[in-house]
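Structure incoming, see below.
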């Protein structure tokens, strides 16, 4: 009953590349984390509600920063917030209740201004790609809500992932 | 404290058109509905969490179908489901707690196959554009999960909005 | 398929009164508001996820205050916040997708200290009681997080509903 | 800024026991699991929205069953669903963004009919009790929605935790 949506993979794979297809010699920062799908996150179509991937992507980004040795929470406490200004999502196959999904998160370019882009993919336990996304965020001063740049404490942790 | 994010509107308006800018002589179906922002939908940035716009868009689509004289619930009961296969969102300005937001929903092209695209915009009470989005859904047979087309009962209600 | 949960009403009605059964000569403040069940709010049991009633109750409370001629948003802007400290919910029958539910909200006693209790009921379009709840909140000073009392501006609007 | 709500613990501790205070020689089944608070789960009060604890409790129950060597997913696939029919929650202290919370889940009595009660507590990293709850669920036949009893496969895993 919970069969894979055969319809879903074909159009994207045939007609266009996944958002996340990467050249192998890329210089970037990549991280993965896992989340168990909650009952609350399903809907009556017996799959994860499409809006809930934004939360999975959030968890992926937050854990990718934590794996650097810094945290988004630290960033906010130091006065920088990161609102999302753009999101693109492709839903290839559905995630279902109790799936242990893997969220892959990539920063492919070291930000030089107020903007940072995360590329994100969600995989199921069989290694199938379920969803791919691209999320653009701004670095903003929490007090003034004006654009700022990546905090030095984070820049220091991440810069060596990017080749000169 | 809840000031408008001055940062947000400029990049999109200056550099590129909103996803929803329309020629005025367009033949299409358009509908609007309103939603009050819930406390639950805010986050500690004092704005609506970015993932919650998927729900607002859902409400916009569902009410646009109801205004046709048909319902998405009817469609499901008649054996057709509409999973989302793609979403694009631009966040221009934040919605805040208790805002009475207006969701504008457009179908610009009468679907001829399994796919339908909704263009959606969220406005605040001052008429400012907060968010614009594009959501692509499939018509699927609920039992087989195979692609199908728009149910005749809906097609009949909507076709006359589109000029030949 | 979406049949009413015959199991659900009997135990509560037979064995104990609904939380909200009221004597008719009661002096209190009562208000109703309506909400349409969103697809996002359902789960794979084909009913509204049990945790989402907290949002419906929130909407009920917020609209009950608005109907007084005051708003919870005003209250927060004047420096008083109302965190929930206790919630009790009985789930008698499920709400389902696209139901236009009615939320009844009662304040049965004018608060004299930092605490206020709301009694809430959710009904479907057939007038059947789906859920009843009791929610206790505190009035807190937003800055100090210390207990305070109902703001005078709200007290003034509500006191005449309660007989001396 | 995110200071502990000093107001919250006192009334409950002074006036009444936590819902979960246990005699030490109790025969029961207990389990713990951990969850990281998501940004999406906070609200503009800078704490976890009160309705989201229902999800934490769900995760606690689901993981407590998994730790038995059975899963709730298995149960549903074998035709038994467990809707919630009652929930009681006391909010003593708030959880905040990025907290790694511990959810303790107890079954204090082996169910002999269609009903099961879970006692649940949420603790922060400092070991402080944030929230305590009691959730009552029914065992229902998924097809008929009629009351049934705990599946034998689960009963077998859990019965030895309860002394005769």
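Here the chain labels run A, B, C and D in written order, and each chain numbers its own residues starting at 1.
By our rule, contacts are C-beta pairs under 8 Å (C-beta built on N, C-alpha and C of every residue); 3 or more make two chains touch, one makes a residue touch a chain.
Given the structure is predicted, the values throughout are model-derived calculations rather than measurements.
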item	value
Reference subunit D; chain at largest CA-centroid distance	B
Contact-richer chain pair (by C-beta pairs counted) among A-C and B-C	B-C
Distance between chain centroids, defined by C-alpha means - subunit A, subunit C (Å)	36
Interchain centroid distance [CA atoms averaged], subunit A/subunit B, Å	23
Centroid distance [mean C-alpha coordinates] between subunit C and subunit B, Å	29
In subunit D, residues with contacts to at least two other chains	39-40, 49, 51, 54-55, 58, 97
For the subunit B and subunit D complex, residues of the former touching the latter	39-40, 42-44, 46, 49, 51, 97
Subunit C residues touching subunit D - in the complex, by the definition given at the top	3, 5-8, 11, 45, 47, 49-55, 58, 81, 83-92, 94, 114, 138, 140, 145-147
Touching residues (chain side subunit B, partner subunit C) in the complex	36, 38-40, 54-55, 58-59, 62, 71-73, 76, 97-98
